Amino acid sequence: MKIRENKAHKLNIAYLGGGSRGWAWRLMADLALEESLSGMVRLYDLDFAAAQENEAIGNSLLQRPETKGKWRYQAVTSLKEALSGADFVIISILPGTFQEMASDVHTPEEYGIYQSVGDTVGPGGLMRALRTIPIYVDFAEKIRAYSPKAWVINYTNPMSLCTRTLYEVFPGIKAFGCCHEVFHTQDLLAAMLADIAGIKGLTRNDIKINVLGINHFTWINQATYQGTDLFPMYRAFVDKYYTEGFQLAGEANWQDDVFRCANRVKFDLFKKYGLIAAAGDRHLAEFMPAKMYLKDPATVEQWRFQLTPVRFRIKQKEDNDRFRSRVIAGEEQFPLTPSGEEGVRQIKALVGLDDLVTNINLPNQGQMEGVPAGAVIETNALLTGGQLRPVVAGAFPSDVQNLTIRHIYNQETILQAALKKDVNLAFRAFINDPLVQIDPQQAEALFTRMLENIKEYLPGWVN
Amino acid sequence: MKIRENKAHKLNIAYLGGGSRGWAWRLMADLALEESLSGMVRLYDLDFAAAQENEAIGNSLLQRPETKGKWRYQAVTSLKEALSGADFVIISILPGTFQEMASDVHTPEEYGIYQSVGDTVGPGGLMRALRTIPIYVDFAEKIRAYSPKAWVINYTNPMSLCTRTLYEVFPGIKAFGCCHEVFHTQDLLAAMLADIAGIKGLTRNDIKINVLGINHFTWINQATYQGTDLFPMYRAFVDKYYTEGFQLAGEANWQDDVFRCANRVKFDLFKKYGLIAAAGDRHLAEFMPAKMYLKDPATVEQWRFQLTPVRFRIKQKEDNDRFRSRVIAGEEQFPLTPSGEEGVRQIKALVGLDDLVTNINLPNQGQMEGVPAGAVIETNALLTGGQLRPVVAGAFPSDVQNLTIRHIYNQETILQAALKKDVNLAFRAFINDPLVQIDPQQAEALFTRMLENIKEYLPGWVN
Amino acid sequence: MKIRENKAHKLNIAYLGGGSRGWAWRLMADLALEESLSGMVRLYDLDFAAAQENEAIGNSLLQRPETKGKWRYQAVTSLKEALSGADFVIISILPGTFQEMASDVHTPEEYGIYQSVGDTVGPGGLMRALRTIPIYVDFAEKIRAYSPKAWVINYTNPMSLCTRTLYEVFPGIKAFGCCHEVFHTQDLLAAMLADIAGIKGLTRNDIKINVLGINHFTWINQATYQGTDLFPMYRAFVDKYYTEGFQLAGEANWQDDVFRCANRVKFDLFKKYGLIAAAGDRHLAEFMPAKMYLKDPATVEQWRFQLTPVRFRIKQKEDNDRFRSRVIAGEEQFPLTPSGEEGVRQIKALVGLDDLVTNINLPNQGQMEGVPAGAVIETNALLTGGQLRPVVAGAFPSDVQNLTIRHIYNQETILQAALKKDVNLAFRAFINDPLVQIDPQQAEALFTRMLENIKEYLPGWVN
Amino acid sequence: MKIRENKAHKLNIAYLGGGSRGWAWRLMADLALEESLSGMVRLYDLDFAAAQENEAIGNSLLQRPETKGKWRYQAVTSLKEALSGADFVIISILPGTFQEMASDVHTPEEYGIYQSVGDTVGPGGLMRALRTIPIYVDFAEKIRAYSPKAWVINYTNPMSLCTRTLYEVFPGIKAFGCCHEVFHTQDLLAAMLADIAGIKGLTRNDIKINVLGINHFTWINQATYQGTDLFPMYRAFVDKYYTEGFQLAGEANWQDDVFRCANRVKFDLFKKYGLIAAAGDRHLAEFMPAKMYLKDPATVEQWRFQLTPVRFRIKQKEDNDRFRSRVIAGEEQFPLTPSGEEGVRQIKALVGLDDLVTNINLPNQGQMEGVPAGAVIETNALLTGGQLRPVVAGAFPSDVQNLTIRHIYNQETILQAALKKDVNLAFRAFINDPLVQIDPQQAEALFTRMLENIKEYLPGWVN
């Protein structure tokens, strides 16, 4: 990599999960639209064909007139090839197939446990973690071997545990996790300023927030617009829309799009705890006790969000695959529009071409009080001059601290269970999840079934 | 107070709750049987008549030939009289009447929440805390005013919050909390040595343990007899008696005595978590998720312990009152037998006449890792030469840490709610208790009823 | 204060030490040149005439064509008047007169102790702290009473102890300390890039650094330009100029200006410790053992910096006073040029009109490891949206940690001594200062004389 | 090892430095006099002949009528033989010869630096550490390999760094350091009770103290006899004997015995800092700035203690060797008297036969506030039932904290320098030692000479 005339040339990016549909495509578009960066992206994926298809798409962008950043794409067949010489490593993988995801999400439903996402906490998040951690152990070892100085950006869930695993195995790694859920909450606050105060045209960058917590259960305890405290206005906003909910203008209705919500969970959490929860309702709900928002489908509907069935994921993938085929066949044009993600801005800041303050997942090194050192948490961080440092975010009041710390220690238990391949330890984490409020015998039966369903991803576990 | 010839003379003890039946009588007996201490006990109680009756009993002991420690007793009508000049302050009170206790213990049953004791955690423990904390605020202020250098020994539940309140209000106080639950677990280990290894005649003092956790949810992570690790033997013991349970020889059957248990909960916790839980099963069960041991009366019976109905408490009090009348009337003799409690040994150590290592409730000042500074925890402490210092107990593994820290932060929330008279904050603690796994609407209804039931003890709370 | 159209109107600033020459004038110029801020500055000074003169100058700027920010100035006679309604409080005072400063700086010379500044550490810094702390106790109490929500910016030395005192007395204060020494080190690094790499035209804002330590003994452990690590280049730069020193182009020669230096101390510290010390050599030298850079005037000259005699300060003040008279008399024009200070940029960020990352003195709340919570340290901080939060700066290696922590604990001792008016405690801090390596008897004689010299500023101290 | 009838049989002790004169002989005597322990001691020493001589002496004790504990001694030629199967490892070695010790102690004198011992801190302590640490790295590795569960008791200086090295290399080690300096301070307090209060016949066990700090610079911040605070009495005692000093009855005069002192340094430290320093004056003096107690031989004499010349050590060794020869030749009888050391009591407690509270050197795990985790500090610890746990000792006031933390970080720097074989880092620790207040050029010359003198013990260091 070379910086010349305020541009970074010959950047090397290793993309693990390079056959990915969503994240990879958004990155390709953003890279093409950014004039100050250029170089090579190596795409590694267990599904090599998918990586090759992305290679084809990526390289085709060089021909497009809108493209300002010149990037070449190459599908590779080994982590070693992908990582050697990398300045950046981007990871977005799916651990296992939709079959395992179906077990994560839907098997608990037979036992009365409903999960709106099932990839972070709850029974599904735990199982997903158990099969993801060994993969990340391997990633960490390979990164240490082939690109120890590269910046590593993780997009895979469970975010906290993926990032935590990288540091556990290779403490010197320069890894962090990124998630856009907080952005949407800033969007909501911008919409609130229009709705309540008549201030139109703001974007999330106008809303200054202090973020703290863990991924998908992040909270805002200070929010300002031009120095004005937004909490009183949010209180009025919540009161106004508590019953009906509120959605951004132009956004698909929560009933039509599983990723949308009416923010009622968010509003309810504010009424209860006085802080602004900063993730989509479908994520937030999973961190709270089962009966609160996920008691049953009727309750979920009342709170105006949806469960995310795996059949939806499958359909989404099929749509994406068809879209990719058409693009490669030249039947459809790959859209070059900004994704709203921050990956490329982060890369720009980390090569030293820009400054950025944004929410980042990092091991605790002082940015939060009351959280064990090393636990991966999400707060603001400053990216500048090739450096990344968290901003001190402070502490929670004891009530929200309690909701959060429970997941932090559970994640630590899950990590230990995965590393030691310890079924009993994994079960102790399982029964301590707030979504698992069923009878112990039932819990054990469910746990055993779910573990059995993913056993091929747990080599070395004694059953 | 004067030490002469290895005896402490003219000790002044203030007994708050001095009309008490259980704790006060045990102390009287132990003081009478200890030859190295003598002095005056001032008995303060809202029920002055009860204090006077204890005065009569206490002074009558001077006539008994077995009496070695000469103590005079005096019922007083104000905290100021009780505390002025005190070297020690002993507190064992009942906050409110059996009517409030009945609300604590039995109202939740109507909502499907069963509590075996209801004085520490759970809905009952919370309500009891809310009405106890204001009383302890007053105690702390009066102790600061009238006896700031006295040692303060607390026996009242909820132990952690009573002790915590004293330090919150008067940080310079020399207070600590005492509880005998750990002793019984040492007795159990002594019985195990007889049962498994054939080593008879041991007492709890022969069993060396490391204790850590919070009151009534205390754990042993190291136990030895003459240097031998007792954990392998405990594993065998648990296996042998897991199904049937085990009771000490000579002890009343758990079916006949609400204070007894067959230790099945303790054994189950060992199988799950690998540490020895060190309290009676009826206490332990309340700290765990509702469905585990307290799902319903049938489950409780399966685990071989009993719920403690308030009608039992009332009967116990009536029996005690009748006994006291008979003693005063000379119809029955007050029994002078050692109580098994450690209060008097502690006093002896704290005046400088002895050394003692025992489990003590104190604010965390380094004795446990992973617990906020100042949270009241139970570990071993060294009492020697008039000094009291906790022994470093270490840390829990992440799973037991998680079970425990939840109660620690909940207690902190309850304290803040009580000090600020904040209904909403109290409710947030309420719904985060592991026994409260009911629907949120139900939880709110229950909370409101219970709060209403004790409102006369919550002056200044806006309803 | 109102924000309208991206401008802050009706800002109220209280300036304590409002008769000041340097800092006040620089602020006036910067305020006049900033178009997005306007309002009122209230000038409070023990020397009311000086405040009135500054009022006259300040108000005269309204007539100047270059003036973009409209500010009115008013000299007031009480802290209450100055503080009531203030959005910002700026403090730059001289504690005592040049007579006390002469004692601080020159009395130690009679005992072989040379100080290049004498206002931060060393015998002079200690004495200055003892007489400043009571003044800041008063400030803190008045701020709590009259403007508890105002941002408080301190420029007075000793910086750490002034800021620490404000927080000790009023923990809820929103105070921080600012210093430009780090800026000059960034300037030096920019000059280095021109000198070594031929990259011209950079300013300090192009140099991204991580700052940690205490005021005037701050260190840079990471420095980049466009993502490139500057440490290897600095090593070459130090080697090149170690013997002769290096000064910025256009800067007065160190022999002609007491505030200048040839950076040889800085270079030597880099050779010894491997980190970039980030303050002027005259400050840095005072934190190190006496014999290293301040053994005697000849040694100082060898290291190519100067001691700052008080006669220089007196002359500087006389020059300033003459200048002020001429300005008021209309004989000379007040120069409206940017000061290079950041006060106005900070105000802009703190009212919510800008973002800024800069070095700031704040109590430790997680930004440094290995430093007691609450000790005032200097690291980067993020100012955005009316919020101020330190950036996590990490930890020193054990050797630099040791040099620094010694001053941190000494400052804590000095604070306690000043608050308790404890001569002995002050002396213990005195003999533990690295500049005090003389015989204990001599040290005691010196301490006693210096204390006597400032006794009128130490009311309530028993002599 | 087996416990039978309250006795431990077949204990295996590995004695590293088994040819030692002082410590080994005291242990032999104490073992012989303790009836509850028996077993085998394996003596390992670079000087195998010396180990064989001790073997002969040790085995001869079996014939003595006073001998109650039956022990066999065996000189061995490898660490592996010594350690395999050991229950306890005792280490007391001399790193290098008297030639290196002479360099440690006397070379600095040529530069005006006087050391009263030269084995803990100061230039001598540093050099001794540099050559000891590699030896302890080897010990730790061998203990991990051959006796990972053994208790390891260290007597070698520098105590803190020896113990710290063991934990650095093998974190799971069960090692601790023991030192008798605190005992002598308890003896002094017992003598004070006789002198001031007329209470005769007390021993150090009657004096209850709280100990904190680092080895040889340990402090007592609470001391009681039968619960009575001894600090007021110590103040009077210090006043009474400040000028003349005080020695225990029966003790050799400080002028006649280099190990004795008149406690004037201890008294002066109390007058200055208000705490009771708890080591011999010759140790304490070395931790303080050079000019305070060790300016020159005349100052040392004024403070009434002696420097310890190496010629004295040599003579002591020669005397001991002659004594050993006579014992082996049967010309003199090995004296079987209690040593006053606690090693055997500790062993008894650690096999589970006794309880003991005593001062112990251990990594910080909560027992002291304000000290980095893992730094080796000296506080009370509880030894019971085969367990060893520090007692929470609290924190220093900021002034004594500052004196102490300087050495703690210096030791950390020395450890890192030794492990990395980093000359520059070692020099940074050297010039930060309070005894090194000489010119930097002189300091460098001295450092270089001293390092040269011990270079054969620093394999792998690039010169």
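The first chain written gets the first letter, and so on, giving A, B, C and D; residue counts start at 1 in each chain.
Going forward, a residue touches a chain if its C-beta (ideal position, glycine included) is under 8 Å from a C-beta of that chain, and two chains touch if they have at least 3 such contacts.
Note that the structure is a prediction, hence the values are computed from the model and not measured.
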item: Minimal step count in the chain contact network, subunit B to subunit C; value: 2
item: Where subunit A and subunit C overlap in contact partners, by chain label; value: none
item: Taking each chain's C-alpha mean as its centre, the one farthest from subunit D; value: A
item: Distance from the mean Cα position of subunit B to that of subunit A, given in whole angstrom; value: 46
item: Distance between the centres, which are taken as Cα means, of subunit D and subunit A, whole angstrom; value: 55
item: Between subunit B and subunit D, centroid-to-centroid distance (C-alpha), Å; value: 43
item: Residues of subunit D whose C-beta touches two or more other chains; value: none
item: Contact graph of the chains (line, ring, star, complete, other); value: ring
item: Subunit B to subunit D touching residues, read off their complex; value: 3, 6, 8, 207-210, 222, 224-229, 350-353, 355, 357, 365-369, 380, 382, 384-387, 389-394
item: Subunit A-facing residues of subunit B, complex; value: 272-273, 289-292, 295, 370, 372, 398-399, 401-403, 405-406, 409-410, 412-413, 416, 424-425, 428-429, 431-432, 437-440
